[in-house]
Amino acid sequence: MSFIKTRDNRDIYYEVHGDCENPPLMILNGIMMSTASWAGFIGDFTKHFRLILMDFRDQGKSSRESVQYPIEIHVPDILSLLDELSIDKINLVGLSYGGQVAQLFALDSPGRLKTLILANTPARISPFLAELGEAWKEAAKLEDGERFFSLAIPFIYSDLFYNNNLQWLKARQKAFKNLLDAAWFQGFIRLASSNPDFNVLDRIGKITCPTLLLCADRDIITPLEEMEPIHERIKGSELLVIHNAGHGAFLEKTAEFITAVTGFILKNS
Amino acid sequence: MSFIKTRDNRDIYYEVHGDCENPPLMILNGIMMSTASWAGFIGDFTKHFRLILMDFRDQGKSSRESVQYPIEIHVPDILSLLDELSIDKINLVGLSYGGQVAQLFALDSPGRLKTLILANTPARISPFLAELGEAWKEAAKLEDGERFFSLAIPFIYSDLFYNNNLQWLKARQKAFKNLLDAAWFQGFIRLASSNPDFNVLDRIGKITCPTLLLCADRDIITPLEEMEPIHERIKGSELLVIHNAGHGAFLEKTAEFITAVTGFILKNS
Amino acid sequence: MSFIKTRDNRDIYYEVHGDCENPPLMILNGIMMSTASWAGFIGDFTKHFRLILMDFRDQGKSSRESVQYPIEIHVPDILSLLDELSIDKINLVGLSYGGQVAQLFALDSPGRLKTLILANTPARISPFLAELGEAWKEAAKLEDGERFFSLAIPFIYSDLFYNNNLQWLKARQKAFKNLLDAAWFQGFIRLASSNPDFNVLDRIGKITCPTLLLCADRDIITPLEEMEPIHERIKGSELLVIHNAGHGAFLEKTAEFITAVTGFILKNS
Amino acid sequence: MSFIKTRDNRDIYYEVHGDCENPPLMILNGIMMSTASWAGFIGDFTKHFRLILMDFRDQGKSSRESVQYPIEIHVPDILSLLDELSIDKINLVGLSYGGQVAQLFALDSPGRLKTLILANTPARISPFLAELGEAWKEAAKLEDGERFFSLAIPFIYSDLFYNNNLQWLKARQKAFKNLLDAAWFQGFIRLASSNPDFNVLDRIGKITCPTLLLCADRDIITPLEEMEPIHERIKGSELLVIHNAGHGAFLEKTAEFITAVTGFILKNS
């Protein structure tokens, strides 16, 4: 169990997997995720990369906060972790909320990025997304993992994933009952309240490192229309679409996700 | 205020608008709707039709039930209303849940149909849709209109509708607070529990009256993929797509909805 | 056989079908079409409309030109025909090239329009469309109906239409052999050369009459992306999508085409 | 200039680029292509692969045939080349026609495949595709590169590519004038006549090596609907969609193409 201590005395949990000779790949979680979400990816990613996972504040094994903070709070934590690991330039993958953090990091510390992969992530919180955030917070306030799953998860996975993986999902719903405690829900609410005004559309064009956008054509949280403006603004960026997947494309179509991430980083190594 | 009395002594509320010389058009509501939802359509529809609106049991001004029933319960109510109004053959529009009832009616009483229009409605409850039903019931159990709106409505309207009509939606959310009382929520839960096994895919091919399917390309509740099997099975059926609209297409794109309904019925009159 | 004589002494062929008490509906042909293309639509359209068909110069039974002209040449011909028929305001449907003429007519004579329906038509000739025009002219220069069909028609109808109607298409290809003579091809080339710079995007917003846009989701000649700018610019315009159809949607999905046209005009009558 | 001599005494041209320690990657051309089409890819692909390019009979620098042959003729040529290069198992990329050959090779010699990537390629010649083949043969019979380009290429590249790259395309059209001689056109016609009955849908499920399907969402020659049946039949296959690209996706979106190919092969190495 590895942690870094932040300047404000918080513990940020992280994991490092794979050979330190390999190019470093750091993944930033989506809002409901944690380092544990990547267990099934370690084998594939460590074939070619030194994989670095971390939990944001209020996520997984990292410290819980007690007052509200803006999403920008995570940026120095990433920098601290890179410094701790003596990584000069990182290949950074950000999913959804993690992708928003990744955009902020790219704008803040361009010199520390080798490549950037934004998966199912927007450059702004649209009115719809803001309302969805409110819905999720409403669901979280119930502080009941099973009901939270019932209310929030149908937005995440595509109808096709539900239709084909119902038993797995029902088992997962049961697991949420035990996994998610009051502290988790309170942390979730703070994370979900950290980015209501997130909008980097005006600045995103300043990103110059090789950038890949990973979209999914049944993602209703960050539909293609919300990712195309990023593609237009980041010169030379690439965009690949994972077919028949929703916002949880990394899990719905794990193989395609790994293919795209692996190819983009190695091509640019 | 007009009601018919059913054989089991329930009151079914209905409204008749427009000239009785005009072809009759009956609309069956979606699960969260009532006759009041159609106020803005009366002007356009009565130009050419005698418009008949009704509230299902547990909807609007109709009687509340106290025990669970299957969705089939509504079919004889429609027949009774047609008899009451001395209408031999009806042009029937069914939205979502109302479209499921319309399919059952078409299979039960083919002789009473002139044309059938199924808008944003499936021929089966997919696993995803069943889970969505559970989510909505969970939200309804809170018996709080504002929170219900927050949790359930983002599935109904498209992201584009949210992005362009946020103030209207927020006002509507406030209105839900007062409009929806405990009786409404209990009725909603019974309606939402009446069709878990709904599946007429095997029988739908028996429908022979002119049929129009109205879809919306951002409808995540009844996506095109769930309506195409109906199109394939009902010989000669037509299918039109309302662009950039969600499950609430009738309200998101009212004009297009009226155009399609008007054209299809008059063409077949 | 009815003709009007234009001021420059050309004969414009037209047909009038149906009851003169009905609202008048005029259809403007696509570039490869003629009044004969609408034979299968007369029955349905005359149920509610007085149907007026016409051949543009260089089309069908109208006079052939000998020198090149701009697409605007057709506008006064339409006016003359309306005057001849004592029609003050017309419901105008324009398909593809005919839709471009309809846009010019709407901008030129707004007072003569009741409603406007633009089917599978762009507001500008994109570079791609210009190259397609060149390809078609190249094919026309062969002056061989069968080869012209082979080279040009796969752009018109969707792959699905080919896959489901191959025999009809092959028979039609044979018919082209006899139907299309040198005069036809020369006329076609002039028509196809009349609009290389067509672009009314800047002006189209001035159209104020009720307008419906009919699109098809497999139309590669005028894809949705080329029709959405019209939708955005004409305030209050409606847009319906015919599913699984190509540029020849009026023929691939005749029933849906008639439904939409009928509904839109009658709703606005 | 390297050639292998086939058993029937033909010369098959091939090129080998990059380090022989790297995993071998062989690319099979589309019907209008040749080894020269890949000049711009050599730099990126040799970073990680030993790149093997070849011209089919009747393509590029390989021997011209004089009588018609079936598409299966190319399979032993690939085997001979692999033997010549002492390659036991190959990573095979097939584009369009080359993808059809790749499928035949995979069914014929499963033991010689490491991975298979099928880009913009169908498992059967649909009626539409057969007609398109006829159109291309008709265009080829003119034996004029400029007119051939005008008539055939608008099917290949997306409208967006035309709209954004018109000058490059016009220059290319001019180049075709000189590049394509009578021998080229006759070879093209034989290639285009070699696969009218190609249909491996019944057998494709036997492919067991890791397989990636690369599609493009504006590809009208091999639309997603023609590639999804392959995805369904080859167990564990992956599918990625290149957005806003046509049949020529490898050239329209070179970067995304290289990312996907690189990632899939290295992940499986």
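Per-chain residue numbering starts at 1, and chain names A, B, C and D are given in the order in which the chains are listed.
Assume a contact is a pair of C-beta atoms (placed from the backbone, for glycine too) under 8 Å apart; a residue touches a chain by one contact, two chains touch by 3 or more.
According to UniProt, the chain labels map to these proteins: A, B, C, D = Putative hydrolase or acyltransferase of alpha/beta superfamily.
Since this is a predicted model, take the numbers as computed values, not measurements.
Listed by label, the chains that touch chain B and also chain C number zero.
Chain geometry summary: the mean Cα position of chain A and that of chain D are 37 Å apart. Chain centres here are Cα averages; for chain A and chain B they lie 38 Å apart.
As a whole-number value, the distance joining the C-alpha centres of chain B and chain D reads 50 Å. Residues of chain A in contact with two or more other chains: none. Shown here, the protein chains touch around one cycle, each chain meeting exactly two partners.
Residue ranges on chain D touching chain C, taken from their complex, read 126-129, 131-132, 134-135, 138-139, 147, 150-151, 154-155, 159-160, 162-163, 166, 169, 220, 223. Taken in their complex, chain D has these residues touching chain A: 44, 47-48, 212, 215, 217, 224, 236, 238-243, 253, 255-256, 258-264, 266-267.
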